[in-house]
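Next come two complexes, and both contain chain A; in the first it sits with chain B, in the second with chain C.
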Partner chain A sequence: MDFLNALVALLNFVVIPGVAYGSQLALGALGVTLIFGVLRFSNFAHGDTMAFGTAIVIMFTWLFQSWGISFGPLPTALLALPFGIAATAALVLATDAGIYKFYRRQKAAPIILVIVSAGVMFVMNGLVRLIIGVEERNFTDGARFLLDGNTFKAATGLAEPLVIKTTVAVTVVVAVICVAALFWFLQKTRTGKSMRAFSDNEDLALLSGINPDRVVQVTWIIAAALAVIAGTLYGLDKSFRPFVYFQLLLPVFAAAVVGGLGSPLGAIAGGYIVALSEVVLTYAWKKVATYVLPDSLAPDGLMQLLSTDYKVAVSFSILIIVLLFMPTGIFKGK
Partner chain B sequence: MIVVENLHRHFGGFRAVDGASLKIETGSITGLIGPNGAGKTTLFNVVAGRLPPTSGRVVMDGEDITGMAPHELFAKGLLRTFQIAHEFGSMTVRENLMMVPAAQSGESLWNACFRRGAVAAEEKRLRDKADEVLEFLTISHLADQRASNISGGQKKLLELGRTMMVDAKIVFLDEVGAGVNRTLLNTIGDAIVRLNKERGYTFCVIEHDMDFIARLCNPVICMAEGKVLAQGTVEEVKNDERVIEAYLGTGLKNKVKEEAAHG
Partner chain C sequence: MATSTRNLLLFAGVALLFILTGLFQSWNLSLQILNIGILSAIMALGVNMQWGYAGLFSTGIVGSVALGGLAVVVVSAKPVPEGFAAGGWAVLGGLALGVAVIVAATLLYRAMKPGRLRALAVTALVVAGFFLYRYVFDQGVAAVEAFNPATYGNIGGFGLPSLLAWPVGAIFAGLGAWVIGKIALGLRSDYLAIATLGIAEIIVVVLKSEDWLARGVKNVTGLPRPWPVPYEVDLQADPEFVARVTGWGFDPITASTIFVKLLYLAIFGAVLLAIIWASERALNSPWGRMMRAIRDNEVAASAMGKNVTRRHLQIFIIGSAVVGLAGAMLTSMEGQLVPGVYSPLRFTFLIWVMVIVGGSGNNWGAVLGGLLLGWLWLAVEYLGPGLMGWLTAALPAGDLKTHLIDSAQHMRLVTLGIVLLLVLRFAPRGLIPEK
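This part shows the complex of A and B:
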């Protein structure tokens, strides 16, 4: 029984939140990695692209709520997603046409583009605060739990509850659908193959008659869609605050780099690695330990390796370790 | 016909192409020779839209194509290969070829989602075409290999194969023979002649192997230090004073450099 309780506690506090957070990071990292593959620079504005898209989704969610539209047990934000994606795609396409294109024409070095993207990041950051303010926003509605703790305890007779929040289930399902759709797109469609070809060898892609403007536009649209979805899922699961999204840039980048920049599979693996490391290192293991260890060995402290305040340090350390020892990441990116 | 008029391409103060003018007649296999550093590759890069010229013009069949993007030139039937073979390393040899023909029905997402039949038929046509090209180039056995794993010479063949996936008008080949063994070089030579005779391709070929040039090319253009030195049949060019001097000159310079390096 104790063992089962420990297992449930582990699932409840480590595995489930880790997988949900990992899915959100993976979607964010996919966008970073696609931009890197095709446009060849690390887009610092990606975190704020997530924030912008989520802000728009929240506005539409409010609008729908005021009209009395809901999505049954699912969050209304899912209905607002297409609008957030459309607005964000329009914004990044405009940014590309107005700013990045200029530097591409000049054949600017990647580092210049990175710095330009940092500039774009600050502008977007301001834009988001202008639109929705700096306060924390909770925009989750619909049913709160798919499986609530009391039902679980009553059904199994265990002391530990297993809770599955609707937002967690939605995150995982949406992430799986997005990843499947993205891989289908990259592997099977002509445009997707052009993107891979372009990422593989730009000169040769141009010689094969691939239109670079089109590839770049499609890449921005996909990256924007992934950013909005990742941001919305994260916001549903936790809450929305522009500053937090700005900070999300670090784990998202860590995920993309761990997996190997430019590798979509790597971005997904990286997302889960970073998320699980963060959760494992900042979780207070006392509860699990008390179940599995005999009483005489029961821990005094919380058995928490790192305070949650330091969770950003986890991504940062992972980033540094990977760059030092495995600069191309696990899936051999660039 | 391609006409290059007084073309310049400078890198900083260095004049890699320094006022080159030449003509490539439709239906010809024109050879472009010259010592290393003569500016041949740079000329190709400018003509094929990879580099903008510093000044000068490129005209194709009466139309000014100066500074057009590579994919636009591709649509006009102007293709080139690279001195150092390029390939999509993560794809198979066959997939590399199947990437080539642009603007087919699979291009739009709408078609990819809702007109699967048309897209599948297109895929099949492409696949058959790619297999036909591989057969022609005698590398059918490599079809399913990853392109990053084949030899340098085979990559050169693959480059040539890319130009055969569409009905090209004019193809610029940059050192097709470099690093390729005799047998493979003969295969490449045969392929070029057949494409020229049977499908009316015009070629402009950079090559250092004079036997190869003598066998295929008429006329031959010789460049040195960014300028066109001589043009004519192989024999004429070979016996041209300035050409001999250009080759000898660099030979001597190289020798002096070598001695300086060793002594």
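This part shows the complex of A and C:
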């Protein structure tokens, strides 16, 4: 029984939050890696693209709530998602036409594009703060739990509850749908194939008549859509604050680099690796240990390897290990 | 128009901004902005070394600034003998143990042949070392933080003069740069940008949460001033000073604050000029030409037998050290270490905009950018809400009005970003281009 309790505690506090956070990071890292593959620079504005999209989604959620529209047990934000994606896609397409395109024509060094993207980050960051302010926003509504602790305890007779929040379930389902759709698109459609061709070898792709502008535009739209979905899911699961989204940049980058920049499959694996390491290293293991270990060995301390303040150190350490031992990432990116 | 006249005019224009601030607002404010502007200019010089001479893009400038600030606490904060006696040695021993584990792991990694056995051995060493480190370190931390946490709760500093902290700040920042440069230089140029973003965030988190070190978010206050600068209250109590300034027709209180700021201005200005002199000499020496050759064509430079990665590491360390020096000067002027002020937007990206707007690769450009944007940033901070309040005076009080007044500060970010993008697009060589 103790063993089952430990298992449930592990699921409840480590596996489920880790998988949800990992799905959010994976979607963010997919956007970074696609932009890197096609446009060949690390987009520092990605975190703020997520923030911008989420801010728009929140505005539409409020609008729908004021009209009395809801999505039943699911969060209203899901209904607002298409509007957020449309607005963000329009914004990044305008940014590309007004800013990035010039440097692409010039064949500027990737580092110049990185600096330019930092400038874009600045503007977007300011825009988000102008639109929605700097305060924390909670915009989750609908049913709170898919499976709540008391029901689980009553059904199984265990001492430990297993809780599945609606937002967690929504995150995982939406992430699976997005990834499946993305891979179908990349593998099966003509545009997707030309994107991969362009990412593998730009000159050959141009030679075979692929329209580079179209490839770039489609990439931006997909990256924007993934960023808005990732940002909204993160905001539903935790909460929305512009500065937190700026800080999400590091784990998202770490995930993309771990998997190998330019490799979509790698970005997904990287997202889960970063998220699970973060949760495992910052979780206080005392509860699980008390169930598993005999009473004589029961721990005094929290058994927490790192305080939660140092979450950022986890993604950074993973990044460093990858840079030291396999600079092209697990899935051999660029 | 000759370039030198143009440059003089640009500097005169910036000087005019400060004079106008003095005339229409107050000389205190103008001098304060100027002092911070000079410190920003020194930081911009450091970044210019990395970017302008060598083409390295680091997003961790705020980390170097924070390390400089930490140096002031370590060197010149009052000692806390009781706190240190309680657990100081355990904390330092724990840290030394941590470093020893990393060194041992590196040596083991180098000594063994590649393979599964090596991976296992190194991992085992690191994991065991981590627990040992935490065991020693945690006990020390608990003991140190238990001592009078309302006033101290930290191991205290050495109580040495504040001037001594400035070079120490440079050394701290240089060491940090060495660690990160060793790892990220020589890979794709983006990796340095990503890795420095991370290390900077970690440094700030350490400052905020390690109470035993610099009291975390509880801040360390009452740091001593650098050597010749007196306290305003002492000046006001000094009959000779009061007699002299009243003789000149000044109010003693205003005169004392302005006198202090002028002293800072003289010291900071001297440091700035020394750094400009040194870096102009370096830039025009064979070493400077080599650096620019590496920046302009890495392949050709390495074909000529130059070790590109080593030179990059060198300049990356020097540039970060200069930023750390300025960070230490800033903290010793403010007399307190407040980790909350180390925001990446203020200390990383603002400095970047200064370098690019001023003219990357040109030291005078970096100084001009530092003074100009330093003025804009702070002037907007002081004047922005007032201006917005004046603009919205006709509106009835309500949500919209408060929202507009509050949003004045966010306009700064948007404006800075747009300035950066416009300069990069239309005048990528900046106001004072590289010769």
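The rule is simple: the second predicted complex is superposed on the first by the 334 of 334 C-alpha atoms of A that agree within 3 Å, B and C clash if a C-alpha of one lies under 4 Å from a C-alpha of the other, contacts with A are read in each partner's own complex, and residues count from 1 in each chain.
The working rule: a contact is a pair of C-beta atoms (placed from the backbone, for glycine too) under 8 Å apart; a residue touches a chain by one contact, two chains touch by 3 or more.
Computed from a prediction, not measured in an experiment: that's the story for all the values here.
By residue count, is chain A touched more by chain B or by chain C?
C
For A:189, using the defined touch cut-off, is the partner it touches chain B, chain C, both, or neither? Pick first, second, both or neither.
The answer is first: A:189 touches chain B but not chain C.
With the two complexes superposed on chain A, say which partner A:129 touches: chain B (first), chain C (second), both, or neither.
So A:129 only meets chain C here.
Once the structures are superposed on A, label A:116 by its partner contacts, choosing first (chain B), second (chain C), both or neither.
second
Considering only touches as defined above, state whether A:312 meets chain B (first), chain C (second), both or neither.
second
Output check: A:61 vs chain B and chain C. Expected answer is one of first, second, both, neither. What do you get?
Neither chain B nor chain C is touched by A:61.
Quick check on the superposed pair: does A:209 touch chain B, chain C, both, or neither? Answer first, second, both or neither.
So A:209 only meets chain B here.
Quick check on the complex: what are the chain B residues that touch chain A?
Interface residues on the chain B side: 48, 50, 69-71, 74-75, 79-80, 82, 86-91, 95, 99-104, 106-109, 112, 119, 162, 166.
Where on chain C does chain A make contact in their complex?
Per the stated touch rule, the residues are 55, 57, 59, 130, 134, 183-184, 187-191, 193-195, 197-199, 201-202, 205, 208-209, 344-345, 349, 352, 356, 403, 406-407, 410-418, 420-421, 424-425.
List the residues on chain A that touch chain C in their complex, please.
Going by the criterion above, the answer is residues 41-42, 44, 99, 102, 109-112, 114-116, 118-127, 129-130, 133-134, 246-247, 249-250, 253-254, 257, 261, 305, 307, 309-310, 312-313, 315-316, 319-320, 323-324, 327, 334.
Using the touch definition up top, name the residues of chain A that touch chain B in the complex.
Of all residues in chain A, those touching chain B are 185, 188-191, 193-194, 196-197, 200-201, 203-212.
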